[in-house]
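We call the chains A, B, C, D, E and F, going by the order they appear; numbering starts again at 1 in every chain.
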Amino acid sequence: VKVKEPQPAEYGYFRPGLILFTYLHLAPQPELTDKLLAAKVNGVAYETIVEKDGSLPLLIPMSEVAGRMSVQVGAQYLQKTHGGRGILLGGVPGVAPGNLVILGGGIVGINAAKVAIGMGAHVTIIDRNLDRLRELDDIFNGQVVTLASNAWTIGENLKTADLVVGAVLIPGASTPKLVRREMVAGMRRGAVMVDVAIDQGGCFETSHATTHTEPTYVVDGVVHYCVSNMPAAVPHTSTLALTNATFPYLLELADHGLEGACTRHRGLRQGVDTYNGYVTHRGVAESQGRKWRELAEVE
Amino acid sequence: VKVKEPQPAEYGYFRPGLILFTYLHLAPQPELTDKLLAAKVNGVAYETIVEKDGSLPLLIPMSEVAGRMSVQVGAQYLQKTHGGRGILLGGVPGVAPGNLVILGGGIVGINAAKVAIGMGAHVTIIDRNLDRLRELDDIFNGQVVTLASNAWTIGENLKTADLVVGAVLIPGASTPKLVRREMVAGMRRGAVMVDVAIDQGGCFETSHATTHTEPTYVVDGVVHYCVSNMPAAVPHTSTLALTNATFPYLLELADHGLEGACTRHRGLRQGVDTYNGYVTHRGVAESQGRKWRELAEVE
Amino acid sequence: VKVKEPQPAEYGYFRPGLILFTYLHLAPQPELTDKLLAAKVNGVAYETIVEKDGSLPLLIPMSEVAGRMSVQVGAQYLQKTHGGRGILLGGVPGVAPGNLVILGGGIVGINAAKVAIGMGAHVTIIDRNLDRLRELDDIFNGQVVTLASNAWTIGENLKTADLVVGAVLIPGASTPKLVRREMVAGMRRGAVMVDVAIDQGGCFETSHATTHTEPTYVVDGVVHYCVSNMPAAVPHTSTLALTNATFPYLLELADHGLEGACTRHRGLRQGVDTYNGYVTHRGVAESQGRKWRELAEVE
Amino acid sequence: VKVKEPQPAEYGYFRPGLILFTYLHLAPQPELTDKLLAAKVNGVAYETIVEKDGSLPLLIPMSEVAGRMSVQVGAQYLQKTHGGRGILLGGVPGVAPGNLVILGGGIVGINAAKVAIGMGAHVTIIDRNLDRLRELDDIFNGQVVTLASNAWTIGENLKTADLVVGAVLIPGASTPKLVRREMVAGMRRGAVMVDVAIDQGGCFETSHATTHTEPTYVVDGVVHYCVSNMPAAVPHTSTLALTNATFPYLLELADHGLEGACTRHRGLRQGVDTYNGYVTHRGVAESQGRKWRELAEVE
Amino acid sequence: VKVKEPQPAEYGYFRPGLILFTYLHLAPQPELTDKLLAAKVNGVAYETIVEKDGSLPLLIPMSEVAGRMSVQVGAQYLQKTHGGRGILLGGVPGVAPGNLVILGGGIVGINAAKVAIGMGAHVTIIDRNLDRLRELDDIFNGQVVTLASNAWTIGENLKTADLVVGAVLIPGASTPKLVRREMVAGMRRGAVMVDVAIDQGGCFETSHATTHTEPTYVVDGVVHYCVSNMPAAVPHTSTLALTNATFPYLLELADHGLEGACTRHRGLRQGVDTYNGYVTHRGVAESQGRKWRELAEVE
Amino acid sequence: VKVKEPQPAEYGYFRPGLILFTYLHLAPQPELTDKLLAAKVNGVAYETIVEKDGSLPLLIPMSEVAGRMSVQVGAQYLQKTHGGRGILLGGVPGVAPGNLVILGGGIVGINAAKVAIGMGAHVTIIDRNLDRLRELDDIFNGQVVTLASNAWTIGENLKTADLVVGAVLIPGASTPKLVRREMVAGMRRGAVMVDVAIDQGGCFETSHATTHTEPTYVVDGVVHYCVSNMPAAVPHTSTLALTNATFPYLLELADHGLEGACTRHRGLRQGVDTYNGYVTHRGVAESQGRKWRELAEVE
């Protein structure tokens, strides 16, 4: 029996039954979690919505933006004036283009590749999924080199790379450190590395998160760009992209309420992290040592 | 009769008969001209070599580099973090790409277009030469909009442009101010303009030269990038590109001497600005109010 | 116990056990249904065959033909001589191309886009399925603008459209009226709208079915082409396309009889609308208020 | 000595010194010529302006429009509903595309090819200029079949053609009849022929000019579309295209007067058909049996 | 109870528990099977590993290599000097390209098509799967003709073919003889047929396996290239391609042992042909008349 | 005064006034020259016809054929079974393609590049003409690397090349030996070199002419293919290509006789090597130490 509803003075806009639909990232934020639970806010987190095929529909748009941006910022930092090798990624007639190595051929990787091919770079995509490489070969029809991933292949290709894009994101797992410190040491001075996976820990051993204000640092002569939340730099595009993806869920919530929407749409169900004072997402519960309740139980 | 040769102490490395083969840009530098004349240095200026078809073979490589760079830097400054509209030039699936307007379809323009199409932008090239637009239509096969140039067309297209590249260079003439101040005022806030013609005065009324250190300024909410000598930012690529072009002339000079090379190669002849104490380039002479002597007379 | 078999005189070519394999469209035709039931014809309807993935294999070829035709007829009616704006869809060098807006990125939409891109039009595809937009972006690699669908986006894009193709078909449901009357009123005079969805009610509020003899009418100055059964205009191509799709089913029927074929191929099973005097398709039964019997029961 | 100037009542808007800058087509119009001469109108004919390289700059835009339109109207008349074979030019997956044969690889031909390739047709261009075929091979990179022209090759290719575009225009000469009557007889019933050269007599022996009102007729079962002035069907596009081309000449005339403009621009000089009461174009003079005076003499 | 382990002298390197991971092709080799059983070698055959979607992951890379090679060797044997028609597959400007017919649009077929389109050939792919033809149309965007397969279509297209690639492989079934002897008789003299399906019996009635030493023979004037194991000709590429595919399985085996790996990866489980003295693959057992034991029973 | 006409018995088919229009290659054949002079045959040599722009119109078709063939035969000899590295030129998904270096970007080079790009190779074109590299960049739009030619660049690129095509032909001059013996020594074992310039001496120091029967030999582990008259291997294509080019000249000769044709067509004039008993081609005369008479003198 609920004896006392939390008061506005205490929780600001939070109130029981409020549906909070946004990026929550609760795992590392126990205080925020406390408040959501106390105020019995139903927190639906963009980042934990999972579709039937295992895809994360509200992360994809951000990966698309970041993937395309990665080559653009990479090209920028290759300028001598920004600390790079002084290379024009696409070369010009008579001068060879720069070498771009993309680690990971998923959403980030394919979007990086599209921009890079367009700019005239020599593009190599390394991925361990051969079926995906076949798809990329169909899509790019011989305009990229696709290579099966292993440590040796990555190492060899880094030696002659001008730009490296780290595009390996494994949903629900920490990113593997595909590029070891010693590989960085063997790279060309003034080469640039862009770690798009930085929000999940990064895929270069030498990566640590930076900001749009101070976006780069240098390790062994190699420029590192590891800005968290890259899409924030292009808010006009990012907002449209994100809204395109969130709007259909929003409509469901508005038309059918949280419970109705969750019945109609299983993916949304997995996005419910807190419900009526309970933690209903297993991952959040585990990471904070709280009790997890299945949504069905407490609904 | 020469009575006294200039001494090293006086002129440093300059000495009679020395062939100085480089960019000279003498017109605005009377003091340098004085020294070359006094020291009887034979100054062969990259920028005044003209081929039979009227092209400037040692400026083309720099135009290629600058053209490709222009879109890259434009994309950078469109980022909110750099003062722009916060637009990703190529958009993403579900979000429209940005609009790029290129003024001038010559070397700079075609190279800008190649990069921009590759990045996924919506590209419009405006040029007054219909035959060139036909060539571009053949080369890009429907992937760019080509428009015949006139003030109205430029004005209309600027209203919805996200990025404008000024790529109008008229050899041997000051660049026309195609974009008037009031057109800039009618543009989107946060749009970006890159004036590649800045080395010859610029083709926007609101342009003034900037540097790689302080590359941009804002007029009426529109970011202006007007860096002189853009290729300096990518010296690795630029040096190779320039050397590709200068090397054949250098071989001629080395194998046949200045006089022999000039006989064999008429284009080189026009590059001789100073010879044995005389100004032998009409433009340099006129701009400094000096007497001009035809090379043939004084050879 | 069957006491009397229907006689040829009564039912013409119909007879018990006859397999009638063609488009039936029984729902709106109770008399035809009566006759099939009375004559115990086993009616297998092209349009109700459904494959495991929910696709309608014998409607797809017609959608492909109609999709490609839609741009062709749209281009035709854009001619001033046919009532349109007098626009050449692809423009020419120096003149901008026309704007084509395709509502729906499915089979009809992608086929319309292929032809339109080829003709040089500026193509925008609007669809609410982001994953499909991603696929289209991969396939067309930046040559179309893809936009997430909502009423505002449709409205804005219609204002500057020269040609609109309505390509939204929802299997088993009436087509949503995506384009409202007031949107049509805001369009350019002489613009053309082709409603490929007209066979299922059309996706413009202003659509009503027309014929190949009288194909168009004008609403608010906008030319409407809403011909039912567009593929009939190119019977040579359409027949081959349809036969390609029906032939494998026909072979099954010929080799294994109706019952055998239905066992081997579940999709075919759903195509059986009438069997041995019973209505075996739920939709047909419901629309005519008849009793529905599951095929398995009466087989 | 001029004793009497022509009066407005007599010649309407014509008056001495008036510059009439438009398509004139005087050769077959002696009465119009009489009036221009009597009124001493200086008639500058779009169609007789010739650039240094022999091109006709004010006919090219119309050829571009007609070339692109030719495939569009050809596709329309291939519909059974318009009398054709009932073929969709691009086919669909599983059904072969139609065969398009283009006679002549000039401006009309390349523009026809661009549209046809885009629509998915199987395109063959026949031209007698091998260098032009090489250019087309570079531009279309293997997407068209190029064939050297001779009667046998034309005949063989017509036998399997669905659509034939006659695109042979020889400036200043009557068009050769490349397609003989008996070749037409050997074609497929319902094939379509579009004779873009009809304004200069046509390149099919069976061609005679038709109108936008009654555009086609049938010979030996083959639909003929031989509309004079095809671009009139898309006046919006055609006017822009033509104005793009005429405007620079107009500026010259406005800034420098007829005499000044003719001095500055030799091509324009050839466009002066009548000047101060004299016929100054040799072709016009010869075709009407009048005396020809060189412009320089009478200026 | 095992009383005596087999001795090295008897079985060479074979020993109980040894994991033999390679192509085994046991069905036709009872002696080898005997030895594996006697020595209790656990034989894991590349060719019997099957993924969830029914694909054969360790055969795909070889199909890719063979598919690309097929056009290359076809082009070679079309040379007069190698017995062919003396045709250059891609033609040259002014001369039509050769006709290539690919039977089957799977892995072999798409890879053959990529190379052939690239070489400039006129490519027709015939497949009975319309959905696959749609995919190919998306991928090649109008650069191939796709045709639905049936005997008549194959026959008609063979009559004008210069090169035919047999690319029909049905996993776990003998290849259908799509090309009958009489079709071969109706082909052009000097045409070339490459039967990539030869390892599974071939898809031409006139095929019999040949070797890299004696790769071709002639039937009815048509050159047949039916080399078993085509990828052996390019071992550098083939080894890398195969290792890319086998390596992840190898890692599983190394990290988890055979039993562990089989638990984690169901596809691998199906690859176990012999285990601890038992035949554990149904197909191998049946083809040799041996008793089959399910792996789970004997593990 | 001519006293005696040569008799058939003496000269076979040769007779005074006979026009012999074919490849003659007289320079190294004094005996043939003797006979032509004695019989007063008017020898018009394909290979000495030169068009206004300096091109050799009857050699171009053979260069096109040889250029396209060069990659095809290169791919063949890269097979281990033919002595090469065992590389598939285009690689497969997951395996990098082979490196192709083309020396010379003229007719042979561009045709080689088209085929090689199509096959999926990594293509580098090295040429000393920057304007040509710009053209190639426009045509191939970033799909080839273009490099300015110099000894160092050639050397570096050869080190990692799998296939090298020698495509440098300088009209009227012996081919420069761009590839030195020591460069060959530094190449990969099993790499392949195809010297298309072999008919004019070859552009590799290690080249010597071979035949279609014995086409290759090995130097320093590198396979050399140096077959003279490569187009002979594809006579069907080559004959059509050559006839396309010779036919217009033949028509001129047939319609106007040799003298008339030479008046109308200056290029043909240069093809007349012998006329009425005189040597009328300076090069032939000089190479055999005979007296040269200008055609105009003796006509």
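Of note:
Note that in this section a contact is a pair of C-beta atoms (placed from the backbone, for glycine too) under 8 Å apart; a residue touches a chain by one contact, two chains touch by 3 or more.
These numbers come from a predicted model, not from an experiment.
Among the pairs E-F and A-F, the greater number of C-beta contacts is found at E-F.
The interface at A-E recurs elsewhere; of D-F, E-F or A-F, the pair that shares more than half of its residue-numbered contact pairs is D-F. Measuring from the averaged C-alpha position of chain B to that of chain D gives a distance of 39 Å. A straight line joining the Cα centres of chain D and chain E is 56 Å long. Taken residue by residue, chain E touches two or more other chains at 61, 64, 90-91, 93-95, 114, 117-118, 120, 130, 134, 139, 142, 148, 244-245, whereas all remaining positions touch fewer.
Against chain B, in their complex, chain D makes its touches with residues 57, 60-61, 64, 110, 114, 118, 139, 244-245, 247-248.
Within the complex formed with chain F, the chain D residues making contact are 128, 130, 134, 138-139, 141-142, 148, 150. Contacts from chain D toward chain C in the complex involve residues 61, 64-65, 68-69, 72-73, 75-76, 78-82, 85-95, 111, 114-115, 117-120, 212, 232-238, 240-241, 244-245. Note for the complex: chain A touches chain F at residues 90-91, 93-97, 117, 120, 122, 124, 130, 133-134, 136-137, 142-143, 145-148.
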